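Both complexes below contain subunit A, partnered by subunit B and then by subunit C.
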Partner chain A sequence: MRLNKIILSFVSALVILFSTSVASLAKVVGDKIILGAAISLTGKYSSNGVHTQNGYNMAVDRINSMGGVKVGGKTYKFDIIYYDDESNPKRAAQLAERLISQDGVEFMLGPYSSGLTKAIAPVTEKYGVPMVEANGASRSLFTKGYKYLFAVLAPANLYLDVAIETAVELNGGKPVRIAQAFEQDAFSQDVRLGILDAAERTGSKIIIDDKLPKELNDMAATLVKVKQMKPDVLVVSGHTKGALTAIRQIAEMKVDVPMLAMTHCDAAKLSKQHGKNSQYALCASQWHKSLTYKDDFFKDGMTYAADFEKEFGYDPPYQSAESSAALLVFKDAFERANSFDQKKVRDALAATNMQTFYGNIKFAPGGQNVDKPMVLFQVMCDASGSCENKVVAPLKWASAKLIHPIPKWSER
Partner chain B sequence: MNKNFILYAVILIFGLAAPFLFPAFKVQLSILCVLIVLATTWNIQGGEMGYNSFGNILFYGLGMYLCASVQVGMFFPLAEWTESGGEKTFVHTPTQFFQGMAVGLVVAAIVPTIVAGLIGYSILGLRGHYFAICTLGLGVAAGEISGGIEIIGAGQGFTTPPFPNVGSLEARGEFFYFLSFFTLVLTFIAVRSIYSTRFKLILNAIRDNEDKAEAMGIETMKYKIIGWMISAFFCGLAGGIMGGLVGYIDSTDVAFDGREMGVFMVLMAILGGKGTLWGPIIGATIFHIFKEGFWTFFLGWQYVALGVLIVVIVIYFPEGIMGWLREKYPERFGEVVDEKDRKAQVELK
Partner chain C sequence: MDFLVFQYPMITLQACLDGILLGVLFALIAYGMALQWGVMNIINIAQGDLVILGGYIAYFMYLYGIHPAWGVIVAPVIMYFVGIAIYKLVINKVVDRDLFISILATFGISILFMQLMNFAFGADVVLANSGYGTTMLFDNNVVLPNSKIFSAFISIVFAVCLVIYMKKSKLGRAIRATAQNARAAKILGVDTEKVYAATFGINAALCGVAGALISITFTIHPYMGLPYTIRSFMIVIVAGLGNLPGVAMSGMGLGVFEEFADYILGTEFRIGSVFLLLVLILVYRRFKLSRKREYLK
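Moving on to the complex of A and B:
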């Protein structure tokens, strides 16, 4: 049996291959603090993955060029190891394991989306690796008792309940009829739960409650129902693709609805891609450049947006802003801990209480940021057809008045 | 026989020592074991029986959900565990975790087997492309349906119980590695012994000419179903392990992942050489190393490389690596080659 020889040599080749490829990096090399991140560079979340990565890179460059991180009297610079998780939770969990056990990373940044964060959190938790994440908003992340997970953003159930409350208010305090369609993923389903809560609170009725598939590119069935049943509010959430699909088909089918509330409008660059068709859409956002928060690195939202545009060529969506904020949080925690001990850094993170250009950051015991409200903006276009996102709620930051109800297509 | 024994002993020792030799690669090695199990069991249909099934992912996903559900449901209310807004935190003690896992894996193996029997009875009458397309639909449908079932987390996904704290950080990796390696060994022994019986010949007869096989008095349907049930048993087991290993189950991206796992298992078997015992094993190993390598060193190009690999296989190694070796060195595979006959054939050409 020569076959055996073939297989034996194959096995030994394997041994050699594996043993030569073990190269371990440490978390702090020389003057570098190496953070690890699995990011969706390909797959269904790739556009938001890139927003996230740009946000991280922007903050790394800024912090490094402004003196870096001072720990124990020495100055360190940030560096990030990226892997592509292909928008797949299985892959993300594997990569977290790899970053920690093979690359020796001791501090992590989050991936894009709740689903992937859910897959990574058990791994970082097991190894006691502090992770500051900026893009996992699902409420279930914060009820699992994770001790090393910190999210700079407000949980997903808070995204759109303001919209429902506003609708009720504009309806003279009377309950409204809600139509909703959500993608089948962790984040959107959590937004849905938020709407259910808000509906119950205000006595509103949900008349359409559809689930949309992942890789969302058609929701005509829901819109036909909306046309028939004429709800007061239509709520849609399904990441970037969901926002694009909704606007495209609402315009195509000329669906009239008094209020249209969505997520991910800025990440989808709706006002650029769909122009006037996206007008009047109401969008939940973690951040908007017109907010008046301040910090030493990016000054304020407007400056951040201008710098970001200069570097990457587009207006920063909130996904980028919150990702940049994650690094500011890490920097602050390292300096307060004055150490690279994971436990000490974790405790410092838990005690975070700071303001960044993105908003105030203070973590609840579950790890979510409780000090930063959501904002709602509306896409508004001028006569020339150029559109802009303007904050309409909460009133404290509002730069424009909410236009309600949305004019009918026949009158536009 | 003696040489075979040495070979198996070497592989077994290598397998047992692997997590200690390459401690940083435990997760990749565990996944490799799972991939080999999937490729080997797919080969029962695709290779030996000639039925290209894209539906084996159904059993894998089913096993994954079942194992996790049983593991949670045995000790805590499942609905509260998967509820997104739930305020309660449940923690498994080590005994609960391992007991749950053991029972979960048994269920994860048995239920898909029964399901395979039931589904097989209704769709194994289809042949060729019709069977392939029908099974493709099974996986997709299962993914969409499970994404709507609230008690297993629906679109929110299902976080499997975290590994209990049993001292060392390495325990989790080692546990899952040995679990998957043990499953691999079990699968190999089972498949190898099946392949040495008349059963394999019947499967081959079905592949070569099903009508003739039937005319010879073989109850082909019975054997087709049994073959599929065997695959389902090990796929379910592999799924259960993978669920625990990944720690998070998503209906379409992790469990009923027809687009990746479902295609990979076919690809691996074809790469190594379908219709052989060792083909899927070699195929899965090369595939895994190839993909991981590209992932590490040429980020962003891994799928391009994968595409090129598939093209190269189809053009240059249509029979897979084992098939190619067999054609090149038939005598090494214990095939007797009649020199006169070969010469005669060459002259004919």
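Moving on to the complex of A and C:
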């Protein structure tokens, strides 16, 4: 009996200790709003994971130094608990669970990549934790009826359909022949769906539709077909590997195609790694520093880029910019909700309608941002061989005129 | 299914040439694997990761302004010592053990290498530009990047040198003797410990050469090693151990097979078709063995 009592008191002591430790770590401690984020700091997404984290940190510092978040007449500062998800979806889901049930986090920031966001979203949804994410663009994230997921970026299916519309426009409104090669992952396949929609809308025909493996490092077969069938547009999406492999092999095999559109040129540092060979490639981007959106915290894209470079020593890729924007959205929602009640904050997020340096933000019922179009830039090189990305579409922000068709290799 | 490859003879030719050039490179990696498998009875799962590490050596030379082609000389030298170090630290403890233990050990090395490379070099996909240009054949209908031709040529040079070395040199003879019967070789005064270390070093050096060539022709990334391990395993399984012409032929055969699978089934089935072929060959071998057994009965 005595032993039972000892065990019972030991267990209850543990329970009390555990519950108090959870309480002490809850969402708002003193003047701090604690957000949670599982980010890929190691593993295959670590480069972009670090871009994401830098974006978050930059915004936290900026918002805190400019007065913080005002809720209920009191000023709060942001703080983030980070965990490394090792680029592994299972680990990301576990960490989301841990952030919520052990660390007591009540508001989350998204991880890097659609795959990891897909793993985390069911967890945040289960606990009713609002999550603002900046790096999961897959369309399937927004068709599941999630109520607590909000993405500041445009969905993947919108990445390259501007390219098809532009090609049709340049073709005098007549349909074009499209060749496409997409990696077999959630994101690239969504980009593909967007192209299929655009093709149907414009009456264009898809003449090559290749799927690339995850271990992709050779797409010679696709390019041989492109050489033979001479499409009007070649669309490639396979993350950084896809962009680098395509440019290398297109240059080596001297594949002539009037328009080449791709994703991830930024992340692949295309113009740096391939120099003049990457010239004329059209790239889809969520953001470019030359866009003229404005806000009170970062002013505009150019100022953001300069400040970011000063702090982290490199030009910000769009992954960082959109991550910073996620914090601005949270701040705005907390202040409008004027409360830390998760439901109220969720409703405030759903009603977001604001402009940030990154773009306009307004969420559709599915959680995706519907107020920010994608931009297309083209890699342009000068005679000395130094290359730059210039926005060419939509026309409102174009800083250079699209060069079309791409000059033949024999004429370069 | 797409039979475009058979409709235009030029595409058929292109696929064959691409496949052969690729296959020669695979054969070089597989030769290293066959050598060490034959001598030490170790299946090295980290083979592909050694290849990628070799690729990074060439890539860093390229970053520092040295032409990456010099990587085919520098990478094997560095990788030889990396191989010896791996042998001394891990492999010598598992060399006489069960095959399963060695697979586990090299699997561990593979994971460690991936993470270390990711930590040291970052997760970006990188490549080294050779600036070698392109060879156009048949009125520009068949296109061969010179970097692929260079890779195949260097692979052949290294393979030939290695064959001569194994035949003529003292160490080569010791390696072959150990492969035939380690115990007998030991009794006859061969220091098998040294032979094992050298064999693992030579294998790592071959991986280094192949890696440098891959950084010139394709792309490298810390997590891209496994497909190379699988391909070399496949080639060795088909060719059998200690059968160099077999390794070369099955390497090229696999290269051509992959290219055709790519054209006919689609790029997404490229690696899958290699697996399928592996399964078919293993089943066939088993079938052949069981018939032999029946005959013996």
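The rule is simple: the second predicted complex is superposed on the first by the 386 of 412 C-alpha atoms of A that agree within 3 Å, B and C clash if a C-alpha of one lies under 4 Å from a C-alpha of the other, contacts with A are read in each partner's own complex, and residues count from 1 in each chain.
Operating definition for what follows: contacts are C-beta pairs under 8 Å (C-beta built on N, C-alpha and C of every residue); 3 or more make two chains touch, one makes a residue touch a chain.
For clarity, every value in this text was computed on a predicted model and none was experimentally measured.
Visitor: Looking at subunit A, which partner touches more of its residues: subunit C or subunit B?
Guide: After superposing on chain A, more of subunit A is contacted by B.
Visitor: Mind working out whether A:Ser386 is in touch with subunit B, subunit C, both or neither, as first, second, both or neither?
Guide: In the superposition, A:Ser386 touches no partner, neither subunit B nor subunit C.
Visitor: Name the contact category of A:Asn217: first (subunit B only), second (subunit C only), both, or neither.
Guide: Once the two structures are laid over each other on A, A:Asn217 reaches subunit C alone.
Visitor: May I ask you to decide whether A:Asn353 touches subunit B, subunit C, both, or neither, giving the answer as first, second, both or neither?
Guide: The answer is neither, since A:Asn353 touches no partner chain.
Visitor: Applying the touch criterion given at the start, work out whether A:Thr42 contacts subunit B, subunit C, both or neither, answering first, second, both or neither.
Guide: Both: A:Thr42 reaches subunit B and subunit C.
Visitor: Is A:Gln184 touching the first partner subunit B, the second partner subunit C, both, or neither of them?
Guide: Both: A:Gln184 reaches subunit B and subunit C.
Visitor: Can you list the residues of subunit A that meet both subunit B and subunit C?
Guide: Shared contact residues on subunit A: 42, 87, 184, 211, 213.
Visitor: Which positions of subunit A touch subunit C when the two form their complex?
Guide: Residue positions touching the partner: 42-47, 87, 181, 184, 210-213, 215-222, 224-225, 227-228, 239-241, 244-245, 248-249, 252-254, 268-269, 273-275.
Visitor: Mind pulling up the subunit A residues that touch subunit B in the complex?
Guide: Residues in contact with subunit B: 1-4, 6-8, 10-11, 14-15, 17-19, 22, 24, 41-42, 82-84, 87-90, 93-94, 97-98, 101-102, 115, 118-119, 122-123, 125-127, 138-140, 143-145, 157, 182-186, 188-190, 193, 211, 213-214.
Visitor: Touching residues of subunit C toward subunit A in the complex: what are they?
Guide: Touching subunit A: residues 4, 8, 11, 14-15, 18, 22, 115, 118-119, 122-127, 129, 134, 136, 140, 143, 145, 147, 218-219, 221-224, 226-227, 259, 262-263, 266-268, 270-272 of subunit C.
Visitor: Which subunit B residues qualify as touching subunit A in the complex?
Guide: Subunit B reaches subunit A through residues 3-4, 6-7, 10-11, 14, 21-28, 31, 83-89, 91, 144, 147-148, 154-157, 159, 162-163, 169, 172-173, 242, 246-248, 250-254, 257, 260, 278, 282, 285, 289, 295, 299-300, 302-303, 325, 329, 331-334.
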